[in-house]
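Below is one structure, written out as structure tokens; the observations come after it.
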Amino acid sequence: MSGTFPSNPMSRIDLNADLGESFGPWPMGNDRELMPLISSTNIACGYHAGDPTTMRKTVELALEHNVSIGAHPGYPDLQGFGRRNMAMKPDEIFDLIQYQVSALKGICESSGGRLHHVKPHGALYNQAAKDRDLAAAIARAVKAIDPTLVLYGLSGSLLVSEGEAIGLRTASEAFADRTYQTDGQLTPRSQPNALITETAVAAAQAVAMVRDNAVSATDGTNIAIKADTVCIHGDSANAVEFARAINAAFAAQGIQISAPFASDAK
Amino acid sequence: MSGTFPSNPMSRIDLNADLGESFGPWPMGNDRELMPLISSTNIACGYHAGDPTTMRKTVELALEHNVSIGAHPGYPDLQGFGRRNMAMKPDEIFDLIQYQVSALKGICESSGGRLHHVKPHGALYNQAAKDRDLAAAIARAVKAIDPTLVLYGLSGSLLVSEGEAIGLRTASEAFADRTYQTDGQLTPRSQPNALITETAVAAAQAVAMVRDNAVSATDGTNIAIKADTVCIHGDSANAVEFARAINAAFAAQGIQISAPFASDAK
Amino acid sequence: MSGTFPSNPMSRIDLNADLGESFGPWPMGNDRELMPLISSTNIACGYHAGDPTTMRKTVELALEHNVSIGAHPGYPDLQGFGRRNMAMKPDEIFDLIQYQVSALKGICESSGGRLHHVKPHGALYNQAAKDRDLAAAIARAVKAIDPTLVLYGLSGSLLVSEGEAIGLRTASEAFADRTYQTDGQLTPRSQPNALITETAVAAAQAVAMVRDNAVSATDGTNIAIKADTVCIHGDSANAVEFARAINAAFAAQGIQISAPFASDAK
Amino acid sequence: MSGTFPSNPMSRIDLNADLGESFGPWPMGNDRELMPLISSTNIACGYHAGDPTTMRKTVELALEHNVSIGAHPGYPDLQGFGRRNMAMKPDEIFDLIQYQVSALKGICESSGGRLHHVKPHGALYNQAAKDRDLAAAIARAVKAIDPTLVLYGLSGSLLVSEGEAIGLRTASEAFADRTYQTDGQLTPRSQPNALITETAVAAAQAVAMVRDNAVSATDGTNIAIKADTVCIHGDSANAVEFARAINAAFAAQGIQISAPFASDAK
């Protein structure tokens, strides 16, 4: 059998959020309020956001709430928050990932925790979904650090398939607050109907992803989607309300919130 | 008995050099020529020098030459090369050390090696010699990462004594190319006789440090000095010639060059 | 007559605030609400805060509200927000000031404005108050850029006197929300009574500074103080409320709010 | 008649070099040896290389040798030396250019000089040759700083045409040590015959560019090329030898070396 996360055999799903995105004197996000509502968190590693002190505090907060800890490495572009594409070579990417993931892993272990996964950030995440060499470099870097780390990537992306190809366990990420097109792709943010702003609609989409492995595309057709983990966008204004609604919807449906490959539900 | 390195019972000494100090397009140092001549190296971790790619390459070079690998963390001051004092709080220092040392440790382990020691760089090294809170923060950060790591510090410094106080193994560093004052302190660089420029004189001083645990001070008196490791300044013009002369002088005296607490001489 | 700003002959005072302290994706401060309430602003220049886009937007906002524009250069320490002392040599400081002030000056002029003053930020401001070489280096750098620039410094500081010594016009800065000691020094923040938290008390202190060139020290004695400009701390929670109260108190006393050496009140 | 530089009516040509590319403790290039051999220099502005002290020293060196001073702004990518493409929006580019060019302009004027031109660096230069929005943003930013600044761009590029379109004076740059294809494009560096390594051949190509406004393409055909300025790659090993050979070849042909739009030959 493959090394991928079984698609919710017991109706379990991971809720993840990108936290630890403050930098120096500048706060960002509602880490304290969101942490109790998720099962895994992706912590910035100092290149696009985060700094050593923010990293340690966020790790400690995650441990306090029994949330699985992941590294969230990004491009070396603090001013652009890692959201601008950069033309880095696969070898540079390998080293970039190793540096950032290792830094967080060490802080995690020093605090008594254990690193659980890696999810690339921003432009690196998006480029790795479609660029095989980039995806492969990330996967190799993660495996070289610890072959038991789970690689999070966009559902259906090359990042997930390249991770699986070298034997990594992966988690396919889906979005409750984004619409999908008939071909399974996210509707680009440039289009007016890209975002789902109604919490109830988003929660219903999340439930359908878990229960039916499906989502209703923008043209009304039902399409298949693999969703091992659902992302809560921590930097949106109503992130906490949104996370609570999804928690409630999952509870009502008997869906457990649990990090992928974790032995117990949270 | 204490956790400190026995002062050369079998006439062994460590030769260390600060390497991996290139950054991006800018090379620095003679890493390829120096690596075969030393028993341990301190590799910059990206804050005052070094970058992920330089770190990996330097780690690989050290492994190739069976040189013990140490992290060389510094202040976040690339332009000033970590040589300018900064007023950072002990808690900030703790996190700074954890981040940088963990990054190098992960790259080291991914490359099949094992991190051996930590030596602070530049202004951080100098301030930690005299500031107890700073020294204690560094020692605690190192111990939390791995209590078997060896802490390198200036011989007689608070960094060494704070490391020993919490049970770390330490290595007292002495300098073959610097003169000492009667009180055991290094002659400040502002004074004309601070540096030893003749290779033969420096080699003789290194031999005396190992064999007699002593050095001749600037006023001619013989003073005791604990020297577990001798630093080769990698960025000086004649570093390679200097390293060769010390290697030859040690060989002539039957002194083995070996990293502290290493089971075998190199 | 001297080149200094006449101490409020017609009961005029400058109100300044440090704005433009956002960086990349991280906002800071209430620039939009504070700008209408002040007569001069000090804009971060990209080293401790600010980035090119934030600088341009803040300059445009100041021009819109007819607020005099100053550069607010700081140490190259983004993570520490320029609040950590750094040991930079006077020559390095000269270049540091030239770079940052020139960058803002150019953006200001491209936007149709004219740079009015320079006020060092954070640790650089505090160190320049007491270190003559540092103060002199800053003053020389400002004069070399444009000898008509006004140099803002702590009232009674070496920065002000060094600026005057080379013929710069200066503005002595006082604080409405900080208490003073009998010797005219600010009460250190480490002491419990360092800050004035009641808006009415702060406004009264500001009025006394302007009208009487005096302030009541912590022991009740009345001490003389030169106040050409009063600082509104833009990053405090109640900065807007505080600024409004001071505006109202000045209006009630017939005190005009006007940038130093400006031909007209705002 | 247009605002462009007349193509060598009196057999004049500019020789430019990218200098001031050191950073902090890391030297780069042969600035001292090259400066006497060129008529204009492009000085890095602190984002991809250079720092305030390096900028001032390079400006002073240029003034000493009567070399026209240009700003050489690049992407905010120190580790990648500005050679990696970045996806920045035109508005961000506008601000990026304003910041860096203004910083150098101020340092130049403080040192008694006057900024003469702007030439984008590395990936920014290459992308601006083919991306109209990017090219237009750079041209607008330069014009807003000072409409008399000369914009240097690749001969035949959109950067040159966008500059001319808004009334800037431009200088078309050609390369003596690169081969050209039949369509007038540079042979990509990925091809084996991209570089001209023989100094005599390069010097002959430079002479042909000036005298005949033509160059021999890789297939032997003669193609037209507009060359207002020829670039000396300062970071190559034989840059000085190469610059001397071109100087000698030009002298033998009676070609004057002079910055574009400068009143006098150097």
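A, B, C and D label the chains in the order they appear, each numbered from 1.
The rule we apply is simple: a contact is a pair of C-beta atoms (placed from the backbone, for glycine too) under 8 Å apart; a residue touches a chain by one contact, two chains touch by 3 or more.
Note that the structure is predicted; figures quoted are calculated from it, not measured.
The minimum number of touch steps linking subunit B to subunit D comes to 1. Chain geometry summary: the mean Cα position of subunit C and that of subunit D are 40 Å apart. The distance from the centre of subunit A to the centre of subunit C, with each centre set as the mean of the Cα atoms, comes to 44 Å. In subunit B, the residues touching two or more other chains are 51, 79-80. Judged by the touch criterion defined above, the protein chains are all mutually in contact, each touching every other.
Those residues of subunit B whose C-beta lies close enough to touch subunit D in the complex are 22-28, 49, 51, 78-81.
Put simply, subunit A touches subunit B in their complex at residues 46, 51-53, 55-56, 91-92, 95-96, 98-107, 109-110, 141, 144-145. Taken together, the subunit B residues at the contact with subunit C in this complex read 76-77, 79-80, 84-88, 123.
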